[in-house]
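Next up, some structures in structure tokens.
Two complexes are shown next, each including chain A; its partner changes from chain B in the first to chain C in the second.
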Partner chain A sequence: MTSIPEERTYPPRPPAMVRPSRSLLWRWVVDLIPTLITPFIGIAAALGLVVLILEWQGADPRLAWQFLYDGTLATAAERADLMSYWMPLAITAFGLVLTYNAGLWNIGVEGQIIAGAIGATWAARLFAEGEGWRAQITPLGHGWVLLLCFVFAAGAGGLWALLVALLKTRGGVNEIFGGVALNFIIQTFNMYLVSNGGPWQPVGSRATETAAFPEAARLSSYGGFRHLSLTPIYITTAAFILLVLIMYVSRWGLQLRAMGKNLRSAFLLGVHTERNVLMAMMLCGMMAGLAGSFRVLGPYVTRAKLTANPSGGIGFLAILVVLLAAMSALLTPFVSFAFAMLSKGGQKIESGFQWSDPPINLDRSLVRVLQSGIVLMVVLAFGVRNRYFPPRSAQAAVDEDEEVART
Partner chain B sequence: MHVELRNISKTFGRVRANEDISLSFSAGRIYAILGENGAGKSTLMKIMSGYQSPDSGTILIDGQPVTFKSPTDAIAHGIGMLYQDPLDFPPFTVLENFIAGRPGGFFPDTAAARQTLISLAERFGFHLDPDRYVDMLTIGERQQLEILRLLSLNVRVLILDEPTTGISAEQKSALFNVLKSLARDEGMTIILVSHKLEDVLELCDEAYVLRRGRYVGHKTIPCPIGDLVELMFGKIVARQERPPATFGEPVMIIDDVCLSSHRLSVHNVSLTIRAGEVIGLAGLDGSGQAEFIRSCAGLLTPERGTIRLNHLDLTRASYHRVAEAGVAFLPAGRLEEGLIRGMTLMEHFALTQPGKAPWVNWMRAWQTTAERIQTFNVKGRPNSPIQTLSGGNQQRFALALLPENLKVLLLEHPTRGLDVESALYIWEQLLQRRASGTAIVFISAELDEIVAYSDRILVFFGGHVTLVDDPADMNTTRLGELIGGKLAR
Partner chain C sequence: MTGLESTLSGIIRAAAPIVIAAQGELITERSGVINLSLDGTIMLSAMTAHAVTRITGSLTQGVLAAMAVGAGMALIVVFSSIALRLNQVAVGFVLTILGADLAIFLGKPHFNQVGREIPHMPIPMLKDIPLLGPVLFNHNILIYLSLNLVAAITFYIYRTRPGLTLRAIGEQPEAAFVRGTPVNVLRYAYTMIGGSLVGLAGATYSLSVKLGWREDLSGEGWIALAIVIFGLWIPARVALGAFFIVGLRSIAIDLQSSRVIDLPAQIVNMLPWFLMILTLMVATSGVLERVVRYTPVRFQPAARRFLRAGPPAALGRPFEKH
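Here is the complex of A and B:
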């Protein structure tokens, strides 16, 4: 057998690799190209899947595209409608950008929207309808009522999210499991309120919803469009500015990103991780709560009420949005707009084919297939790229010699 | 059966886990594979048991080259491995576990398997009830079950990875008796992977020693414990004369601290650390030094005793509180705990620099980072992601991140995996800090590093601590004895 080698012997270094030196900018551009192309490959794959389904059903994909356009962008009324669908989706996604960057998989966002809707309804009942302990007091004016609705909504959503966060930090319950459980609880509670003679169901009514809110608790409509109001647009824009400031300027946003990448290291580098978990979750819940209030406060009378399903699933949709936007604050508005278009246009595709000649029955869930398909395919495309064509930043440490060459 | 490993090499990324290792194992003998944590012994045994495949090199069984595609494949060739954590299914019964993994049809022959299990257990004097659930068994009993399972599969080479961790003394001696009889009477080859020297001396006939992924030597047992320590840790260069250092006031006073983690308990450590002092923590991996240093950092609360910094009681203080008081901790796994994969050097700086403003001054962060990169000779740019740096540069950068004017600096394996120049550079930086009054406490698996830089040495063995403060005692023989478990007095 070999003898004991001398102390601290090291194998000879391999000769330094001679590489053509390229500028840093060029390398950066070369790295960027696949990053830009990859999502489109995923989207194309998902679209291809939907086209196949449409062809199989005998529906003309070009016609579907026409319906999608008709149902979203063709007329001013459709555009206004699209806007009112987009705002709650966008603000929910903004909140999720915070938690997802911090590595918190806030599946409970759906329940936080519902909590917000319930909070807004409660405020509307208390301050506009004069229910409960405010029965004897004169109802407040329009502005005050709306402000209180938003405060209650944000508070309810924030507290519901804080509960998930406390379960995680204090009870050791993973936020995914805590969120799923709390989603069920709040959905059931919402049903209790508005069905089977529940406390908020109007006496004698058999519809699972509250009565329409009085004028004072409805958003004011804008430009004569039934469903369009400026207030949610202002609030969502403010939320977006706040999000961008947090993610790109603030120390806190940097801490959240650090936590998402390596919680243990972030803690050891001095980040108060537990406090940040609570704060990020609560802020996300507050934004989701506001989204819930947008969904129940009108402005048109048919939408100014708490229904059996106040969120309409936009919480889960927002999760897809943030995943597709790769948790980027700047991409989220665009991706959420595209998804709002697909959701809203999907209804038009369904009804359009129903009335076409011959009528074709397409299920509305086709749009959900497309939305989920896009996310799945894009994530898959990135997965394939990272596995087989890893970008430089994802590669293992480079050789020291090469590093010298680069510096 | 004769097994031979020929020129086995395996790398993970830039870590050379095994480098050109050639070993040979004959039937009827008990071998030890010795080495410190990270020496490459687990990788080598995983290769031998089919769990991983080598990058290059061959395994020969009775002179015939073989390749294993999976552990099942290796078992079919007669090589079975007993992992440190038993690989069984706790919600199943002993018998069900015994059947799982045995070749057989869709409906296993339960009655025959029961017979085999009972007769095998009887032969080796194990008391295993086939119908008990595995989660009711002790680790030792689960090991026995696993051994019986491997034996029933006609394994001729049995590899055991740290088998004596977490089992009682009786179980250990029962295990050793069985292993001895398997080797002597049945001509099996037994390979014990361990860093517990007393086990090796008690059980084995021969020892192969690995260090830093390479084979460094072979000993026939019995041999002096110091010889094995020397092979494992390397020969200690004579301690160089150093100018007498003057120490300042006591900064950290550790008084009668008792710690316990799931692995072991550390008993009654008392130590007064003075400003500007370097204290080395020596010992085999897992002897309590990691627990000790973590308790100083506020990451592990002592069960008893006090830790004070100057006049501040930090015994129960949180990690962040301890850090504020002027104690910094640099853990061993740089990219697991300490640095954040995917973030740039500048982002690391922005994250750690104290500041009251809620926003980050990126201009200043860029400038500071560029300055520190220069000062600490880090090869990288402010916008390089940290994982693209080499180990030495990462470690230099981790040092650059630490605040100035620390009272105590706690380091785990500060030069692990670094080449000589990088290690020297790190120590230069550390000694500069020491000169400005920072006390340094460090763990190392390199005895020569400990001897070269420490003013005093704390040797850990199985949770017991011996303080070596006389430079005359800092030699292989004395330290080797202490590390190997010969307590003072």
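Here is the complex of A and C:
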């Protein structure tokens, strides 16, 4: 395509509008205000929708709020329980921050959590129950078993994620479809393991779950709370520090961001894009796998087993968290905490209204509607803001583009 | 009916919603928009069709409500893409989850309740043709619609002027715009038409194929999305892909229940997903090109046309006037 270069003349640019000279900091703060307000408009819209639903069902929204508080923060036991729900969600979201910044839609994270749960269960069976594949293995001590459980979980999750990544880079299968397919495959495999006389279902049992793990393969509980253990908190904190180092300090994080902005130009600038895709996905899968292990090694007997649905949907929830946190590593802990609160409070809202007078049937899936509704509304609110009330920094960028176009 | 007839007829029936949804998504993607919300949309519209039919007692209203739900979801996707310039994949994914959550929450009172079914409507005369009659002409109106839709969309896309415009706005929106085509208006229209077809697919599930509302539709929308890629955005191939996947699924279930081979039921459930990965790999790899090269020279252009087709060039790319 050849075109004859044209001499074009432009009229001289009018002088830029002179703004009253305030300090840079002041302008930065002024620019920040709409950014801070926008998400709250979205959240308010979603909350308004849920309040309407509650009123329509005849339930008092203030009572719902009270139940939510009662079920999550009111007592120490509830807070401990909330903690044990928050940790797997948070570590999954940390992993997703990596892939989403690199522009990878890791929908397969749900499957990676299940893979991790299966890996942890396998390690628990091998090393704590001594049920080896061929030979009996001498059961190991508590610390070793737990360590191996985590290693197996991270390995299984990482490999399952690596499979998605390889399908993307080598097989030409988009990570969204590869991830969805592998999610369903591992869910089915998990069902096979624990149902209808599957290999991991205890003989004679009708329940779709394994037997509870022996003491050696359970996290040690802390402070007398049934479901609270410190180990997941340590691991999640370490994962958070790692994530912050990667995203804000290391060169690799910069490369991931560059890939997310424009894969092709990152490649042309010498970034090893394929290797980075594999590594980011694998790291995310390992964190998701650890989340899966937190969910099956729960300190109390009732949670120390592989069930039919070990992830409980926290993978998709973590994707919503990362989208809501705008892929920011620093916001993710707070957003995941809020979502953990909603998820956990949902049970209390359901049971609370069931026993209220008159009883109201309010399914706990309402909080899930609220969660995805909030994300949709906030995303839309930011869209409206950037489109119709663009921030000044973006406006400056547009001006610069025009400048470039003119020269 | 013989065994073969009932198997084939069952495949046509079970594939109908996937065919309808995939054709809807095909129109959407041909116009350059990705509507990723299929899975949630199908669940929400299936629940809507069932609930509205139970409440009003009218099948027509149920179907129309489901189509409206589908169009509404599509409107959110296309509005946020064109007017707000948001990422289509992000909005579509959030809608997938929101649709499923809403369906489960709002559908609780109608869960596992008896609903009405679209009446069976064998076509007189034609249904007595051996083999073809029971397979093709012994269904209800939505199933016939799924088959006719493929022919209608093929004709529309390849043989009419508006169809040419549809392809143009998906391939070269700038060129189409210069020719005076209102690109974004048409994208709104086609995405919503596609979305209403997805809603119709949901109604086909709850009013006919999987009667009632049982929250077990998760995954069907993703299969439909993958089949559009497998079918390389060609209506007839997309439909063939749907029959292929559903056929393998039903054959595997038959084999398992007849104990010819002793498979755990779960392996059968995994099968469509393995196939999905495999077909996507084949569709995007160089294997098809090699197949073309080994066909006789005379047939090569036709074979290439049939096997090689890329996605619409402007798929997922918002169009902006300059």
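The rule is simple: the second predicted complex is superposed on the first by the 359 of 407 C-alpha atoms of A that agree within 3 Å, B and C clash if a C-alpha of one lies under 4 Å from a C-alpha of the other, contacts with A are read in each partner's own complex, and residues count from 1 in each chain.
Heads up, the rule we're going with is that a residue touches a chain if its C-beta (ideal position, glycine included) is under 8 Å from a C-beta of that chain, and two chains touch if they have at least 3 such contacts.
What you see is a predicted model; the values in this text were computed from it and never measured.
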| item | value |
| --- | --- |
| Which of chain B and chain C A:257 touches, first, second, both or neither | first |
| Which of chain B and chain C A:383 touches, first, second, both or neither | second |
| Which superposed partner A:249 touches (first chain B, second chain C, both, neither) | first |
| Contacts of A:189 with chain B and chain C, given as first, second, both or neither | second |
| First, second, both or neither for A:365, with chain B first and chain C second | second |
| First (chain B), second (chain C), both or neither touched by A:266 | first |
| Of chain C, residues touching chain A in the complex | 36, 76, 80, 83-86, 89-91, 93-95, 97-98, 101-102, 104-105, 108-109, 219, 222, 225-226, 229, 264-267, 269-270, 273-274, 276-277, 280-281, 284-285 |
| Complex contact set, residues of chain B against chain A | 13-14, 19, 22, 214-218, 231, 234-235, 237, 319-320, 323, 329, 331, 335-343, 347-348, 350-352, 355, 357-360, 379-381, 385, 387-393, 401, 419-420, 448 |
| List of chain A residues in touch with chain B within their complex | 1-5, 7-8, 10-11, 245, 249-252, 254-255, 257-258, 261-262, 264-272, 392-393, 395-400, 403-404, 406-407 |
| Chain A residues touching chain C - in the complex, by the definition given at the top | 105, 107, 167, 171-174, 176-178, 180-182, 184-185, 188-189, 191-192, 196, 198, 316, 319-320, 323, 361, 363, 365-366, 368-369, 371-373, 375-376, 379-380, 382-384, 386-387 |
